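Both complexes shown next keep chain A, but they swap its partner, so chain B is in the first and chain C is in the second.
On to the complex of A and B.
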């Protein structure tokens, strides 16, 4: 039985931003600017309705939007909603057909807001699902790729309204390669409408109810803060997560390779982890957490770095020496931990010669 | 060299004279309505009591809460215009977008978005629209607004468009006082613009305040250079401070922590500063305050400053105690009216100071006035205050190992001699004027945060250091004494070739 549709309130937007930033696992960009813009739209009387993917007719046509690029570029150019919204009519023109709704490409970080902004601006309902269930650095690390759904067509627009349509790609890896190259030319940021999906494909090939997931995490954090309780403990309890480590950042090593920010954060233990250390490798997002030379958690389990006091997420571009942090793991959506899923988003997809062993035993592959 | 440090607080104006790195004399006077008259009087007393002539003073460092108070209290701020050079990017969130409505109502003047700015890789977003800037300058002149902030996308990477815009403003509106955002630092358009707008809004008041400080020095017969303390515990010349008042926002707590480091000789410790209304707990790392993780808001405006990580609790010397319940303490305080309101001074209110006097923790006022307090009540109330401080200290601790705690401030007698997790409570002479002392010992700093392209990492870092050193020297540092205190490099994702964002900070002694 699908859940009822609901309208997002200003408070929902704030809670979604908090939850989405945690689900970003270090990447995806801070949702602050898009949150501000979404609030402006609400204040101007625009509304956005969230619908349950299970309520979609099989032949519904669903747009899937997201921003590409470096979070740093967006810190200066911001992230105007009408640019992302413009990718949708462009795709409609190409297809010769109108969309019935828009879904999230990536719930983690700032990208979930791109669907919400598109919904606010174009009046399209937003479908409560995404193609990652978190944040990942590449287009071939999506449930659509895992389900072997077509990777094309894509529309892609920059702030100047330079635009392209990628009409065909052999597979998701090629689409990723082509679009990333263009993204660089556009100034390290671009708005995209990914391959359109039918209602049937959305129900079969996406992470369901992830907008609600982020919303509920944000609400947990808000409630804990209001009660002067520990927001991290509250999130871990509510989401069946696990505290991996508490400590203080003692080193951050970053290097830019092939268009990604790769590197490693080292944390010295405090409290119960006194005398131990944890290192977390990242490629835009956190991929593998190490205790000594043993992996403590790997993708696709979510590895989230949070400010120990506020519970706020910390990104791989902003983490720095001296921060007091708590590393938590959250369970990944089941589709990511299937054997086919792990081919796309397991440790080997990130270049680590490791098998995936979930920190959540029931889900272990 | 003889140096004087002054802390102008809401309650007290403190001054300390140091010579050859040692405290020679300190005075504490009540801040008067006529702040400058108070400074002249304080300086006069300090010099007379230490038998030093004004012309023997080598430098004066002032720490002030004037600028941050102006923002928090929304007074003395100029109506300010904003020009953002970024179109077609950054259109939907205009200047002042995330300001509290009451502050926006006071400060927000006309705003303009024009074409231009840079991409992260240095290519222009669009050609710089000089005509639009000229039209904006004329409109700002017609509006009569003098304070103007100019913010260009990626100006910390390439400042030439902000410079061009400032030159056009100078031509079209010679009375405009222009803040260019790249002078204030970091990547992050909205936060950098916020800081620039605040800086422009504070401009006239800062100019006036610094001139008044100079007059006060002249009035006391001191001709030495004047420096103003900044958020990071260092100082800049008075002219720099007048041009960039936002950099002096958090100097109060910073100075107190730096003063505690100096007085105790410890460079790694927790510090509790017990004032009249609150106790602030901070942490010293390498002799400087540990900075807060979070985005810092000033008067409700998001900025990109790094501020000391402080935990404030509502317990100070003037905090009210409920005579019926020893566990009900604060957060209301009689503040600077302690000497009228507290029982030991003949007043009607029971304050933390009264309880401390009754318990024999300090001698102040007339002890007989609190002799009637029940001994059980006094014991329980003291235990409660100690528990409040112990809890705050514990929350600020980041090491499991015991660390020393330095107790400073006028109400330091409220700090217990032993606390869990604290190796030793360090009490120091002159603890009541730690703020002024922190100002007196401050060094001069220079900082850059910039993106370098197509330079090997070592060369980029060397270049950043040179730029930071040049800034420090311009700010009044002795070039021979400069030391690198922070260097951070971040390779940038998504860019071809070698792009590296480098942040460098150097400090040196006052020249």
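On to the complex of A and C.
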């Protein structure tokens, strides 16, 4: 039976921000500014209702919104809710039909907030699901791509008066290529409404209940902090995760290129990992963690870099020398680790000649 | 009084190809394959009518079609009439209104044929005008940009199933930037229907009667060849042009970059120019001709490279070592040499820190 609809409170928004930032695996962008904006909307009397995807009629029409670009660029060009919300009526005009609800494109980081802001501004319910179950850098790394659902149309706007509609794409790879180029000319930052989905497609092709998942992780962190307990240990216990490494950041290589933020973080071990080192490669999100020259964890397992004391997530755009960090892994939604899923989001999709070996062997397919 | 409408004959198509290729100033692409396709349409019983822009009602709706990209890429990816024609119904669907006619975006080279092919395929009349009066490499180098007419919407398709609509652009520069990036990801070749124009805008903002101009230049070449006379001398005399240089191509630097073909041709003098040399820079089209280290001619004056024997134009994608060539200048349409025009198409718009001094001082503003 579908869960009951509920309204997000200010405290929910805070917990969602904490959880979504952890699920961002370094990417999706820092949710801080969007959290502030969402709180302002609540203070102004606006509300947003979260609905269970399982309650959607098959013929419901659902908008999928998300920011694209390099998180580093978003540090300077803040994501304004009005901009992301404007992609939705633009799509409605193109389709000649109104949306019934809006869903998250990726739950991770600031992108998790884009559907919430759109819901607050446009008065649309937000569906408790997303198309990644974490954050990923490319449009062809979604459950909708894995399920071979249509990649088009997309609407896209920037912070100026530039807007466009990608009316048709040969496949998800072409949609990713086209949109990435325009995103790059916009300064590695663009707001998009992706291919509309029916209720049936959402139920079949998305990661269900991931908004609630982020909320629940945030609540775990809050409760641990209130009890003066270790929030990281609490999250790992609650989510069936694994601590991979503890240490101090000693080097960060980072460059904004081709519309992404790419680079590598190096961490020298502390505590039980003294004398060892871990390097983590990233393309917006953390993709492969190396202990010495051996892969210790790879996509699609979630590789999360957390502040060792506060349990707060650290993004690839803000990680810096000297931070005391703990690297944890969380299990990925099951669809991502299927053979078809791994074609889209396995290590090879990120350019690494590696097979996927989950750090959660019991949970792998 | 507007001129009478007329149907293009097979001979007209050939003469138009010759004339348009000269007006292409090295760019716009070789019209050879489009000429063959247009002849096939005529042979299949299709017709195309050319109408005088001055005969258009103010509220007529006119489509502007053109290929964009690097001419070198078009040598491998031929421009198919069905592809360019498909951009027009796509725009009609977006606007919710049918077009009354189609006009040339740029008369020069193969691009001059795109409106003719569209007219043949869709049964639309072709308006005897264009937005450049020659060929230029960028969308912001048009009379419509000079006249500050709206830059959007555009439809764009490639040879796959990729298509998009640029629904709004901050200005012509942004439209150029956005479309160029997508064109580049398409392999430096894309078919576009540019911002629709009303009859009033066409009459006020385009270069009038340029299809006829190309036709007339082609007829001059044909007549001179038939009379065993010098076709270049005939064109120069008929059009009030100027011979700038005669020689042999000794070097070509050429690279496809950022969606354009850029480079430089070097010519060693023959006949009266023995012992001298001329270099001509190009960005798709020839932009600045240098005699020694002094500019001899610059945009917007038309700098045309012709085969010294046949009078046939030579494109920047096909010019090669050893060709015997004559460089001529033809006067540009008056709007291009106005102060506002020169902001868009003068030497500085091409990155040269030079003032425009026409080789036709009497005709300059």
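Keep in mind that, in the parts below, the second predicted complex is superposed on the first by the 361 of 365 C-alpha atoms of A that agree within 3 Å, B and C clash if a C-alpha of one lies under 4 Å from a C-alpha of the other, contacts with A are read in each partner's own complex, and residues count from 1 in each chain.
The rule we apply is simple: a residue touches a chain if its C-beta (ideal position, glycine included) is under 8 Å from a C-beta of that chain, and two chains touch if they have at least 3 such contacts.
Here the structure is a predicted model, which is why all the values come from computation and not from measurement.
Colleague: Considering only the touch criterion stated at the top, classify A:73 as touching first (chain B), second (chain C), both, or neither.
Modeller: first
Colleague: Regarding the shared-chain residue A:312, is it in contact with chain B (first), chain C (second), both, or neither?
Modeller: Touch status of A:312: first partner only.
Colleague: On the A-aligned overlay, A:184 touches which partner chain: chain B = first, chain C = second, or both, or neither?
Modeller: It touches chain B and chain C both.
Colleague: For A:160, using the defined touch cut-off, is the partner it touches chain B, chain C, both, or neither? Pick first, second, both or neither.
Modeller: In the superposition, A:160 touches chain B and chain C alike.
Colleague: In the overlaid three-chain picture, which partner chain does A:347 touch, first (chain B) or second (chain C), both, or neither?
Modeller: Neither: A:347 stays clear of chain B and chain C.
Colleague: Quick check for you: in the superposed arrangement, does A:109 touch first (chain B), second (chain C), both or neither?
Modeller: neither
Colleague: What is the contact status of A:320 with respect to chain B (first) and chain C (second): first, second, both, or neither?
Modeller: So A:320 only meets chain B here.
Colleague: Is A:274 touching anything from chain B or chain C once the two structures are fitted on A? First, second, both or neither.
Modeller: The first partner, chain B, only.
Colleague: Who touches more of chain A, chain B or chain C?
Modeller: Residues of chain A touched, chain B against chain C: more for B.
Colleague: Could you give the residue numbers on chain A that contact chain B in one complex and chain C in the other?
Modeller: 160-161, 184
Colleague: Using the touch rule from the top, collect the residues of chain B that touch chain A in their complex.
Modeller: 86, 88-93, 97-98, 117, 119-121, 123, 125-126, 153-154, 187-190, 285, 290-291, 293-294, 398-400, 488-496, 499, 501
Colleague: Using the touch rule from the top, collect the residues of chain A that touch chain B in their complex.
Modeller: 33, 36-37, 40, 69-70, 72-73, 75-78, 80-82, 159-161, 180, 183-184, 187-188, 248, 254-256, 259-261, 270-271, 274, 284, 307, 309-310, 312, 314, 317, 320-324
Colleague: Note which residues of chain C are touching chain A in the complex, please.
Modeller: So the residues of chain C in touch with chain A come to 90, 160-170, 174, 177-178, 181-182, 184-185.
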